[in-house]
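The following pair of complexes shares a single chain, chain A, combined with chain B in the former and chain C in the latter.
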Partner chain A sequence: MTPRISEKRPWTFYALATLFGLFLMFLYGPMFVIYVLSFQGPNGGVTFPMVGTSLVWFREVFEKGQMANLPVSFERSIALAAVVSVLTVVISVAAGLGFRRRFPGSGVLFYLAIASLVMPSLLVGFGIGLGFQFLGWQPSLFTSALGAQLTWTLPFGLFAMFAVVNRFNRSWEEAATDLGASAWQRLRHVTLPILAPGIIGVAMGAFTLSYDEYARTTLTIGPKNTLPLEIYALISSATSPTLFAIGTLTTGVSFLAIIVSLLVVLRLQRRRALAKVG
Partner chain B sequence: MDNRYDVELISVTKRYGSTLAVDAISLRIPRGTYCCLLGPSGCGKTTTLRMIAGHEAVSEGDILIHNENVSDLPPIKRGTAMMFQSYALFPHMSCLDNVAFSLKMRGVAKKERHVRAREYLALVHMADYADRLPAQLSGGQQQRIALARALINRPRVLLLDEPLSALDPFLRIKVREELKRLQRELGITFIHVTHSQDEAMALADLMVVMENGHIRQSAHPRDVFERPVSPFIARFIGSHNVLRLDHGSVAVRADRCWLGSAQEGPHVNGQVVAVEYQGAMVRVAVMTDAGDEVSALVPDQMFYRKPAEPGDLTTLVWSEQDTHALMEA
Partner chain C sequence: MNSGGLTSVLPALRRRTRTASGKRRSTRLPPWLVSWFQVGPLAVILIVLFALPTTLFLIVSFYDYDRVGIYPAFLLDNYREMLTTPATWRVYVSSLRFAFIVWAITLFLGFNIAYFLIFHVRNRITRTVLFLLCAIPFWTSGIIRTIAWIPFLGRNGAFNQLLMGLGLTSHPLTFLLFSDFAVIVTYVHLFTLLMVGPIANSLAKIDPALLEAAVDAGASRWRTMTDIVIPLSKTGITLGSILVFTQVMGDYFVVRQMSGGQSASIVSMLSTQIQAMEYPPASANAMVLVVFVACLVGVMMKVVDVRKELVK
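Take a look at the complex of A and B:
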């Protein structure tokens, strides 16, 4: 028999598939354990086995006592993430459009803006904290913490917008000008709508980066904690399935955010699809 | 008011830093002309078009449209409309909204602008595609939408930047015909940038050949073809042999040359390097003893009566009356 080209997959396929499977287990396994354990019965502990199931730990999150600060720190986190997200979008869209024109020093400016990605997060936060202390300013949510988070979200926003703007055809803008659009009309009716999917992506990215930021925020937040800081404080003081319940809840919030943005994108697409069908 | 010219360029110059893209060109385009700006890439033809459109500032000189100096006016105030090379249709808008865009910018009510946009869609035979998105159309269809979008403002001059380059060869010839028909029907001036001499020959009333930021020749295509002024023009428009003779350079059309013997008339000796069958004609490429590559376009019957093969020694002959002296350049 003459040897034929085998239809069997090569051994590397199985090796890589196994590796990927392990990666998924490593990524989702612990999270899944936490979700399951957050439904632990009232007499259960922080490890398996499950002693019945209940929602008692979820109830505890919202009760007065040790967890009293959770809802308010959650609100702070959401508010901060929203502000960070808006600022990141505004600044990185403007920068993305501006950087299309190479101006003197644009290279240096770009590297300065993204340098904070390579700096240790804790040091950035530490520096900002020290600076505030030196100037005699009180660190707080919407001053030092906001600034510290922007050093983190802006470089990501810039990178994403540069990639989006790169694919933007300049002649769209020229066509708009040719057809009599003012600079504002051009931005409103042509540039921003075409960039919209990228802009939504940057907004979501900035929101999630801010929502679970720890290292930069911890030294710049002042006396009122955000959610990740509050949870971390709880971990060091209490060990009960309540922590797991918090984890489940925050994941729920993240999924909610993703679902909402997906719905927005889908609605945009459906509007376009409707335009097709008439 | 009666204007003899739709567009006049007066010593128009464009500089980018220290490089000169367009060097003091002057040109008058009579009313209702199909004008083609032709030249190799980097000759300044697109820059010239963009200056007329107002998308590129003029460094020196003036641009007049209908006797009005428009050099410092924004595009919309010039009475020009531009069709971009890749059409630049707005991807997020339906064809109808694309065509109605300029009316919307001027604040025309939705109902009225849609009625007008449908008229222009009908003009380019795209009425059935009003609600499609540009991405759902073929290249030729996108081009029609771009045309309708440019025409809805009733421009006095339509500017087309390589409008056929994105189309396949068959479609290109069809669309070419349509452009010419449309220009005749509308009676406005079209300025069409191209690097294809076939396209310019087929379309132009006025063919402007550019090189290196200069206009080298501007005339009716027939005049350019029959009386090229320089070796560059003769070579660029093709089908010409440029020969260096004792008294200077001459151009002879390839279809006026044949393979014969020295007694028949003016001639050069050389060796056949290639034979291409082209249907009605056969092109015979000859390397002259002086090292010039020339060719003869011979009717097929004539060729096959006395065929030649690569490697044959031959004599390229033409008539004295077909010798066209060239300006040295």
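Take a look at the complex of A and C:
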């Protein structure tokens, strides 16, 4: 960023910084409560007071319980999210590139994507579930549930790609062509590397959306639940701090993943800077 | 005048280079066909998994049904029944009220947070870290984040303990949990990031030099805001608004869990019908909701041409 003319912060900076701080407190306040409560003693419940401390509820997360089988549903969620993420990247990157020109039907497709994005989630699942019933097919993880989730992640990926592609300068591609690159070489060595940060963003976004998806999946999943559905089942049967333990674990793993990737990025930047100097 | 002349020349120049390179590839596919191949998979998925199922429940909404099954027919009874039930209207009014309140709060928060991150945080790494701090809670399931408010807001919850500890109140506040208040707080917690993302993206495209120019030309902070920043970020504002609005209208978990049974949501009403296998009235219900949401989004997109802004 270029340094500003005035280095003194205006009063709005302090006002907004305070607002941001308060927002973070609001965001993490209840999260903090569940982090604490996940260490509840074996006889404790989902609310205060704490009855001793223990790791019982964490152990429960990794065991097959009576009401829910969390480890297996977790594996299913991860597998589904990985597939959704890959498909979303491939399809929405291609579509994002395609949308750079006007083509017959581009308007219709754009509004179809908007509609798919704003459609109340449960209704998408309802429609697909109904369709499977009419056809006499069994809904399952990698058919109906995958499809239902794609109607949500693809428009998201597409809009993210619009933002990425907008900043992309067409003349780089033209330069590559003028220098004699084939269409494939141009895509492989010019377009994709420049779009890479955006593409990684789309992949992570799609993964998160899928991993957490509930409303679209519930009517299309068939007999084998994903993690959010299993969590929902747990809530409606018996509430225990196990749910909070899941929250604590998720946050812990997210923090770890982010710290690791930040370190990698920093190291890459340093190496790049060194290469430039040398 | 000078810059005007330049901007009119540039597209013409670009067009010339395009046709030049186009001529070289004249033996290849026409550009629109290339685009079709690129968007093809997306189009197929959206048509098969979104447009067709929607058409399907449009058809089913006219069907007849009884306790054992559904029968092809063309009846308007499902719609008539639904629209003449006072409960339907009540639920729509209450959902709309929630949507408006949550929209106003998330817009205020989202815009200011995005503005802070983009224009006030000068270091790129600090900005990324702050962004991630906002995003991390979103990796935890929305269901868990919803029920996380229960021990926080409850009678013996953390918030009441804090208030009593500070001596602000002598007995615990009971309106905090299982109330409209709890529903709104939860929605804001869940959906503010949907507002921050698109607005930050719009703001990031604004050239900081533009703001400096405005200040140099004597514009007050407020005028810079209303005349430059807000008009240039309206695409992000619209997209964020659409996302928040439709998420609230389509919710069925939060209201059920946090209102303590005092209010229902449109979709939770619908899911009760689905569980009872009353598909035709559920479909009619769904169609009304779809049309309603489509009108709302249509109006918002009329105000700001999102398409023109996004696909340049």
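As a working rule, the second predicted complex is superposed on the first by the 221 of 278 C-alpha atoms of A that agree within 3 Å, B and C clash if a C-alpha of one lies under 4 Å from a C-alpha of the other, contacts with A are read in each partner's own complex, and residues count from 1 in each chain.
To be clear about the criterion, a contact is a pair of C-beta atoms (placed from the backbone, for glycine too) under 8 Å apart; a residue touches a chain by one contact, two chains touch by 3 or more.
If you're wondering where the values come from, they're calculated on a predicted model, not measured in any experiment.
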Worksheet item: Looking at the overlay, what does A:169 touch: chain B (first), chain C (second), both, or neither?
Response: first
Worksheet item: Between chain B (first) and chain C (second), which, if any, makes contact with A:135: first, second, both or neither?
Response: neither
Item to complete: Could you tell me if A:181 is touching chain B, chain C, both of them or neither one (first, second, both, neither)?
Response: first
Discussion item. With both structures fitted on chain A, tell me whether chain B or chain C touches more of chain A's residues.
Written reply: C
Fill in: Which of chain B and chain C A:247 touches, first, second, both or neither
second
Item to complete: Please indicate which partner A:20 is in contact with in the superposed arrangement: first for chain B, second for chain C, both, or neither.
Response: second
Worksheet item: Given the touch rule stated above, what does A:147 touch, chain B (first), chain C (second), both, or neither?
Response: second
Item to complete: Have a look at where A:12 lands relative to chain B and chain C in the superposition and call it first, second, both or neither.
Response: second
Fill in: Touching both chain B and chain C, residues of chain A
174, 177-178
Worksheet, complete the sentence: In the complex, the residues of chain B that touch chain A are 53-55, 74-76, 80-82, 84-86, 88-94, 97, 101-102, 104-106, 130-133, 136, 149-150, 153
Discussion item. Please output the residues of chain C touching chain A within their complex, sorted ascending.
Written reply: 17, 21, 31-32, 34-39, 41-43, 45-54, 56-57, 60, 109, 112-113, 115-117, 120, 122-125, 128-130, 132-134, 136-145, 147-152, 154, 156-159, 161, 188-189, 192, 201, 205, 208, 212, 221, 239, 242-243, 246, 249-250, 252-253, 257, 266-267, 270-271, 274, 279, 282-283, 286, 289-290, 293-294, 297, 301, 306-307, 310-312
Worksheet item: Once bound in the complex, which stretches of chain A touch chain C?
Response: 1-2, 4-5, 9-10, 12-13, 16-17, 19-20, 23-24, 26-31, 33-34, 37, 46-49, 90-92, 94-95, 97-107, 109-110, 112-124, 126-128, 130-131, 134, 147-148, 150-151, 154, 158-159, 162-163, 166-167, 174, 177-178, 208, 211-212, 214-215, 219, 227-228, 231-232, 235, 239, 243-244, 246-247, 250-251, 254-255, 258, 262, 266
Response to the item:
Within the complex, chain B is touched by chain A residues 169, 171-172, 174-182, 185, 189-190, 193-194, 196, 272, 275-278
